[in-house]
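This report refers to the structure that appears directly beneath it.
Chain IDs A, B, C, D and E follow the sequence of writing; residue 1 opens each chain.
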Amino acid sequence: MRLFNKKGSKKAGLAPGTLIHVGERKIDNVRIRLIDYDEKRIEEREIKSINECLPYMEKESVTWINIDGLHDIGTISDIGKVFNLHPLVLEDIVNTEQRPKMEDFEDYLFIVLKMIHYRSDMHQVQSEQLSLILCKNAVISFQERAGDIFEPVRERLRKAKGRIRKMGPDYLIYTLMDVVVDNYFVVLENMGERVTELEESLVTDPEPNILQSIHEFKRELILLRRYIWPLRELISSLERKETGLINEKTTIFFRDVYDHTIQVIDTVETYRDIVSGMMDLFLSSVSNRMNEVMKVLTVIATIFIPLTFIAGIYGMNFEYMPELGWHWGYFTALILMLAIGVLMVIWFKRKRFL
Amino acid sequence: MRLFNKKGSKKAGLAPGTLIHVGERKIDNVRIRLIDYDEKRIEEREIKSINECLPYMEKESVTWINIDGLHDIGTISDIGKVFNLHPLVLEDIVNTEQRPKMEDFEDYLFIVLKMIHYRSDMHQVQSEQLSLILCKNAVISFQERAGDIFEPVRERLRKAKGRIRKMGPDYLIYTLMDVVVDNYFVVLENMGERVTELEESLVTDPEPNILQSIHEFKRELILLRRYIWPLRELISSLERKETGLINEKTTIFFRDVYDHTIQVIDTVETYRDIVSGMMDLFLSSVSNRMNEVMKVLTVIATIFIPLTFIAGIYGMNFEYMPELGWHWGYFTALILMLAIGVLMVIWFKRKRFL
Amino acid sequence: MRLFNKKGSKKAGLAPGTLIHVGERKIDNVRIRLIDYDEKRIEEREIKSINECLPYMEKESVTWINIDGLHDIGTISDIGKVFNLHPLVLEDIVNTEQRPKMEDFEDYLFIVLKMIHYRSDMHQVQSEQLSLILCKNAVISFQERAGDIFEPVRERLRKAKGRIRKMGPDYLIYTLMDVVVDNYFVVLENMGERVTELEESLVTDPEPNILQSIHEFKRELILLRRYIWPLRELISSLERKETGLINEKTTIFFRDVYDHTIQVIDTVETYRDIVSGMMDLFLSSVSNRMNEVMKVLTVIATIFIPLTFIAGIYGMNFEYMPELGWHWGYFTALILMLAIGVLMVIWFKRKRFL
Amino acid sequence: MRLFNKKGSKKAGLAPGTLIHVGERKIDNVRIRLIDYDEKRIEEREIKSINECLPYMEKESVTWINIDGLHDIGTISDIGKVFNLHPLVLEDIVNTEQRPKMEDFEDYLFIVLKMIHYRSDMHQVQSEQLSLILCKNAVISFQERAGDIFEPVRERLRKAKGRIRKMGPDYLIYTLMDVVVDNYFVVLENMGERVTELEESLVTDPEPNILQSIHEFKRELILLRRYIWPLRELISSLERKETGLINEKTTIFFRDVYDHTIQVIDTVETYRDIVSGMMDLFLSSVSNRMNEVMKVLTVIATIFIPLTFIAGIYGMNFEYMPELGWHWGYFTALILMLAIGVLMVIWFKRKRFL
Amino acid sequence: MRLFNKKGSKKAGLAPGTLIHVGERKIDNVRIRLIDYDEKRIEEREIKSINECLPYMEKESVTWINIDGLHDIGTISDIGKVFNLHPLVLEDIVNTEQRPKMEDFEDYLFIVLKMIHYRSDMHQVQSEQLSLILCKNAVISFQERAGDIFEPVRERLRKAKGRIRKMGPDYLIYTLMDVVVDNYFVVLENMGERVTELEESLVTDPEPNILQSIHEFKRELILLRRYIWPLRELISSLERKETGLINEKTTIFFRDVYDHTIQVIDTVETYRDIVSGMMDLFLSSVSNRMNEVMKVLTVIATIFIPLTFIAGIYGMNFEYMPELGWHWGYFTALILMLAIGVLMVIWFKRKRFL
């Protein structure tokens, strides 16, 4: 995950409401898809200009407009005019550095979420911003790129599975948020596998570069928390029926998403605790191992040092050294050395140095 | 305890309310047991189909339906229809990855708990999900497998011990929750023994693999907290009589369970504190011990190094080395070495290096 | 302090309200003492059966019944009948694993406290459970064993010192709680002396076993907190006059006890902070000291190693080694060695290795 | 960032409301600039005495008075008289040690903020105090020195860009605060670059002085938090429309600044987490590396010590040492040494010491 | 700062309201000073008996009675009778172990504060207890010893500086508290200098005893927090005008003191953060330095060990060692040793061991 977007500061000093796209350009052309449905019929089409959706607005049916790509300021600003959105909302939509949040403008709700994706090959979490607008009978969703995460929802709409076609736009927005949160579980599962992987490496092969891996994993968790914690409050305020745009029958579904969010937060916190413990464990097991090595080596050195000293004594060239003349002197010296060596090993063993 | 259930993500993208069993299949056949009682009579039977319980529903007596095994989606969904349960409730019952929670649907209360079990041989905590439904005159309990934890409750019902037969389904649900929480104490006692065991190992035999054991124990505590913390709020809201399904006379009993829960949480936190301290203590006692070893060994080496040097000097082959010709030269050298050795030991002692 | 009472789990599965004594049996025979007083007279006697106190109940005077010893389930259950106490209250009185708490049963208040005692010889905190019942004109206190902590209160009652004889049972219960909390200060003072003792040991004689002592002291503090933190909320709710059994004139006294409790908590937290710091300090001072030792020893070894090498060179047996034939060769070699040694010491000093 | 301003204490004992300039004098002369505007016209001039602004006060148009330099007590006190400011407000304006805060005096709002600036060359955060007064139709801003941070706002006013000329003084004050908070992002971006820089140094070249750099960076973050955390509450209370001086239409803009502030706080906390992790990582990678060095060196020493011992044995001068006379004795000895050396290397490899 | 006052426990078991002086006796004789003033006149005198102040009580003017020295129980108890103070208040006044607090007795307010003083020579914080009573038209202040901290206030009263003579006793009490809090800044400045001093020592001369100094400084901060944190709530409740004794016009001044208190708390927390960081930094820089030393020394030893081994080989006394007879054998050996030495240095450099 990027720590900070370089272009974030180019906004300083500009008038509020000035539209500037902050973030990578992840798609070539902006694509607008429209789905209009009620219990009986469904119509799905791709539109070129936002004005094509005007006739749908007057009907009672639910309209879902999905925009992929945020870099075309003109299109976004047109949508703003058509749906009478506050300039600050448009500014937030095109600035992909937003924190998840919910804002109630009486006529419409503005929700910002983060969709996340775990790249197992790089062990990195990648994120994409999703902005949702809930009006009286329409939902507008803005994504950074065309993704297939909402395809199952479209499929359910087309096949009229479950209750989705019978409910209003509030249920549609719940469905979209539910899909996003369900996706967090997929990411957490992948990360959970990574945790297990790291734990196993700790036991089987505590290499120094595992430290770097643990640090990077910890960093991803730190950044991930920033996307997930604000969700708690966001969904909780939707569930508390504080807004007129959400039907009372739908709040129970938001309570369900809320439960899932709490579970996601719990899991992230658990991972953090476990990963912290792993870091400590790794450090101490490495240091334990090192001590083991040092100890054995030092013991060997220590045993030979006195022996070498004895050899040194009988290597001296004094003219009068009686032992040198003895016939069994050499063997006595060898036996003496052996005895000293054995005694030291016994003493070390008894002192539990070995 | 498992960190995360692999199958958790298979739900992403499905319509809410779709029933999918998430978790291990711990039993072969689903088993439904029914107990119907009032102050005067008790009837106990095993039923095949949930429809057999319909006649009991119309009576004033309390009915307790216990389902063992969650993998048979058909049975669960039948129960949902008979008792008019919300699809999200059914979804939660069969997904064993739930967090403990309580939800009030006016007509009925839905409670999710975790039953835990400590396997002393593996020093592992294992968990099973318990879902409870409290209706006007019935309690439905869903377990993952047939267990004997509720056998004493059945015994009390049969023998009409205590007040249980005189009270309503709210008292039955309290009894079940009380049994679950009392069971936590059994687990905590086992874990407390493990703490004492680990502490004693620290003092008597600080082996490196104790570190791994402490880490694993810590991990179990982290996961255990996830099951126990939410209980606090859950039971507290039951006690605050926020729902019409709980009789005022029963709330005092929930207060008692609440006290026990706080005690359980307190104990878990105390264990965590103590285990953290143990980890620090182990690390520093190992490093202390290592230092001790290194010190003694280094001192030995250091004493012999100057002595070996002196031996080396008199081992040189210079033609003119006056000392070599002295008659007592050899003994003088030996005495010199002894003196230096003794002086160094004294100096080390004084400097408290030994 | 014990971590956990072994017998705690024997209750699992029993009906709530079943009386089982959990804890050590600290006294042989249960002893019941009764004091009945008003402003003018005081009567003090020991009774055999709880029924003897019935006549006092009808009088306006304040009756204080003190029970020492909890293992006699029969006596406790008789008291329950006489004073019409809830079965759960009796259960809590005989289970000495309670957390401090206060429960309001309209007719009476039930308070559980912990009396603590510091055994300086073992540096251990020992605890005893005190249960208090406040009725309209009586106070019943249950202790695990006969103790003299309340003797000064009896003395004040007998001598009609202060306002105690003029006030009601709420003031008596305040007095008892005040004595308990004042006693905490005595314990904290002893523990404070231990902190100072440990700190001084750190400076004068940092032995490895001090680590164990610090760990044990920390453990006592962890367990002590469990007894003291709940007091805060307990007394605060008494002070807020939430119950009709406490006279408004007495609440100001509870505010005083509350202040003392906060002070006790503050002190315990301060000890924890200081003891944590001590552990760090000890570890680093030991490692500092060790480093010091290693450094000196290593320096000695390092100086002699090149010198020994030079001696080794002139100990070689090559036939043609011109230096060996020089008349001053030996002395030159000695001077060379000395010079190298001195230069190394100077270099080490300059590099601040020494 | 300075830890504490030396002159802060010269105020002790003075009457409250006594004006004393606390802080560096960052500018030579006080400079007062006045901008008066409404939707149709704008007037901009520099004034010498505050009295020159009196005529503007009676008009409906918005007046923005900007004072650069706080050391001239006379001028500040004149402004206090003209606008009828409370003596404590004036005291706070000239004391640059203020914490960010907002005070509501019914007739006017008093806001204190910190403008920050990151000096990349010194890796230091520098701060300047900004005091704002919002009256019915005027805004007064006090800066420590003339800065160009508000120049874009003046430009927008002159060119009537955006809605600024159509709105009241509350929108002007929002614009100024927005510019200040946007500036925080610039600082955070620079600090983010520093974080990346430090992280890269960790991997490529873990020099000891990086520790000092991390410590200094951490210290800057600690001090930065002090300026940013109070903003959260400050702006939140502006947004909650608790004051009559802020138009309801403007509160939505304050909500936007509030979001940005939360983002700033989030980022600072994320940096703190990452930098803490870096410190741990550095320490352990240094110690890892050190261990690596020590291990290789010790292994070399350990291999040669037994070999040198063997050489020592055959260097002894015993008269009767049979091996010495053997023709192949020398080569046998050399081969023996080689064999021992190779065996030790193999053993070390197998034991994973190498 | 003392950890705990030895005499604190002598109170256990006494009746509440019993006056016992707890703390050091810091002054010989109790001294009572009285200042009576209104806008027009001021009278200042020293009195022997508290009864002399009775006539002033009946007047509308503000009376300030200051008592230096708390050990004379008689005097304190007389004051209690004259002003009708609650026995618990008197008990708290003479017990200098109080926590800062505020109590509202409708007729009067009772405030306990701590005055602190930093002894730069011992780097220790010393404290003195200040009790304040605010009645309808009088302020009574109790200090442990005669101090000059309130002299500037007396001076302001005498010279009628600022608004002090025009305001009531609530403003006087604000002034006294303001002086106490302003004094905290003086202490914090001195402590800030100590922080800078310690930080500089860390860089220039990281001696082991700096660890002890950091530990002691940390300890002072721990104890200081206990005096400062309760102030926050205390002053906040004064500012919220919860009592009738404080005029609404004065609350704004309490808000000012509140701001200062928050700043004091902020600074103490910042110091704690920085000092914690310093401890880590010191430990790691010491260990870094130690590693540096060990590394250089080990490298020297390691280079010479193989060389000494070669010298050992040619020091062996085998009869048949062809190299010994070579004419250039000695020089070849020397060159070989040099080559090996140089190669090892190069290898070490390349491996970055040097």
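The criterion applied here is as follows: a residue touches a chain if its C-beta (ideal position, glycine included) is under 8 Å from a C-beta of that chain, and two chains touch if they have at least 3 such contacts.
Only a predicted model underlies this, so the values are computations on that prediction, with no experimental measurement involved.
Just give me the whole-number Å value for how far the CA centre of chain A lies from that of chain B.
Here chain A and chain B have centroids separated by 26 Å.
Taking each chain's centre as the mean of its CA atoms, how far is chain B from chain D in angstrom?
42
Could you list the positions in chain A whose residues touch two or more of the other chains?
Expected reply: 287, 294, 298, 301, 305, 308, 312, 315-317, 321.
With chains as vertices and touches as edges, which is it: line, ring, star, complete or other?
Contact pattern: a closed ring, each chain touching exactly two others.
Given the touch rule defined above, the chains close into a ring; going from chain C first to chain E, what order do they follow?
C, E, D, A, B
In the complex formed with chain E, which residues of chain D make contact?
The touching residues are 3-4, 6, 8-9, 11-18, 86, 88, 97-99, 101, 103, 208, 211-212, 215, 218-219, 222-223, 226, 279, 283, 286-287, 290, 293-294, 296-298, 300-301, 304-305, 307-308, 311-312, 314-317, 321, 323-330, 333-334, 337.
Under the stated contact criterion, what part of chain C meets chain E in this complex?
Residue list for chain C touching chain E: 152-153, 156, 161-164, 174-175, 178-179, 182-183, 185-186, 188-189, 192, 195-196, 203, 252-253, 255-256, 259, 262-263, 266-267, 270, 273-274, 277-278, 280-281, 284-285, 287-288, 291-292, 294-295, 298-299, 301-302, 305-306, 308-309, 312-313, 315-321, 351, 353.
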